[in-house]
């Protein structure tokens, strides 16, 4: 009974938030278009379907995916500070996009550039799998350190490339550091959902594997799980999910780290499946709210999304630590 | 006969000496510039010879390419600057990091901060440079440019609304406090961005952008793909309105010197 | 002196312990058998190979030579599902997420049997197995692992292992980090559990008092070699406890 009530409350809050996001927020579609009649006005109608809906879908998908991957990594590596970027897959994608833009002249929102980003990511994924299975690097600490190393390496390369560019004016390099919510068409947002939904669903379905790992590798073996196979499996899945997300938005920080912790603290979910599902919902909401805020502080200015998530997530994270 | 040639020679000499910007007795100051903009400006004022070193990528005019460099736009090297023992280091207020000025003060090198955020500032900064650094006798060059600007802008009587796009994604526009925006407003344009906005290159939300289509949309690029991309997007966002898309080549318009002044009229004539 | 039935639940033949790629732990091959239905203590100094042997029992590759068998079947022939029904472990250091609730930890005990889509048992006020209340864990059910003491946590992990309803329970130095009171509570819980379920228990421990009071069989290792394999009575009568301390 209590669970039903909690669930109903959650859904109501969700719908209110969604409503606010769609109709409120950005000053362009601000309070004067709140009424039903002005929705038939063609400019606003166009803005709604051309801009708002795809953006909302993108933001919800990306936020949810990031939270889900973060939660997964926190279990896989038994590390409460794990976030989706711990393995360096995202920085490899970002580096690939920058390389494509600088050396090949392909704009970062083109499929060709995303292909380069994917290529870089695949190299890192294969390296990780190799170390993982063959090099006796099966100690999780070592894998995490390897990821940290890759992050440092690729971030430095990124900074060097950005600074070597010929700047003539305030460049778009912020987006590489803080992430960016690009404009995409409705059909592209559907394509994103079509790619991420199956991966997300598989991650949730096999959530029992994560439960098996949560008490340590030794116990995991006696519960019928091979920790290395489970990790390898999830590594590939989450990396694919991260790559498709990072190709579009770059690295947006804090969601993957903070949201699963909040969920654990508040809900104490009974299994990883529930944890990941709730994390997805709250991650999606968190990013959507951050996105709205980024455009509402000083319209028509839009602050880089990563900046807002960090400003919101940072204090939240500190509060969580303090409460523990 | 001899007296005539000698007089001609004297006249010739005095013309040469008189026309020379610098008095023969005065020392040629050694100048270092820290941005390609300043390099070009110095050349345009006629004092390219005084430059001993410039910032990297100082490619305009062609003569500047052969000058030694002291580092990139955001990372000038103090060591390299000191090595040239300049008399003045010209600092670009928009791009050079403030730390350089502090460092230059510490090593007792004179630095001058040049502001080029509007057309007025271009003229006043040029005047200051000519008078105080180069001790120029006359400011004919400035007077010419002023006259030229006035005659150019007089022809344009129509008011139009514009926006200048620096990057498409994320959508970054030129603010009111930029040189280019100020220049175009002299020709009757009105930057749709709020003049309260202090930021020079604000990133704006797409929804505001779509809701406020300008008459002319400028894009700073010389790559056709970017223009095509913006064209494609403009058709999606403003299918019913006519928004004039104009490409501004960074070769001419990326630096706030006298170069944009020369080229903008032709562009605007086509657009309007 | 009671006679132990000769059926062995755990035996090793011509073993040389060691991890692949690392220097072998045992200098010579050794064999041992541990009988069914006895509480067996695995004793030895640190580094003697106790943990290695236990990890061998749960299916890790720890033998460079020889074979480990469980109920006459080689351990590496068990599938993961069969292994989960065979062995449950309370490891030396359990990694635990601090926010996990005790009752959820207990429900994980059936993960091996439930697989991906089977139903996991729910432990709430309505259905508490006797073993949980016998081990005095009822008041802890709603608490999170990070909120309870380490002694209580060890009991929770013991209960989880017991609720797996496996044939063997292995405990790797379970009271190492516990104080006297918590140790006593743990051994009490183990005794009660054992009284309710007849399973084979293998405990690696330094607590020789417990060995004397509760165990039936002793397997003593030293430097990867077998030191003693026999009844508890023989172990203490022949002063192997002192020989263990004196051993290099």
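Should a chain be cited, it is by its letter among A, B and C, assigned in written order, with residues numbered from 1 in that chain.
To be clear about the criterion, contacts are C-beta pairs under 8 Å (C-beta built on N, C-alpha and C of every residue); 3 or more make two chains touch, one makes a residue touch a chain.
Note that the structure is predicted; figures quoted are calculated from it, not measured.
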item	value
Overall pattern in which the protein chains touch one another (line/ring/star/complete/other)	line
Central subunit by CA centre of mass proxy	A
Rounded Å distance, chain A centre to chain C centre (Cα mean)	41
Gap in Å, rounded to a whole number, between the CA centres of chain C and chain B	79
Interface hub residues of chain C, defined as touching at least two other chains	none
Footprint of chain C on chain A - complex, ascending	75, 78, 80, 136, 205-206, 208, 211-212, 214-216, 218-219, 221-226, 264-265, 268, 270-271, 324
Sites on chain C touched by chain A in the complex	21, 55, 58-60, 80-81, 83-84, 87-89, 91, 93-101, 104-105, 107-108, 111-112, 114-116, 120, 144, 146, 157, 160, 164, 166
Contacting residues of chain A [partner chain B, same complex]	26-29, 42-43, 46-47, 50-52, 55, 105, 107-109, 163-164, 166-172, 174-175, 180, 182-183, 185, 295, 299-304
Complex interface listing, chain B residues touching chain A	36, 56-57, 72-75, 95, 166-172, 193-194, 197, 199-211, 220, 223, 225-226, 229, 233, 236-237, 239-240, 250, 254-255
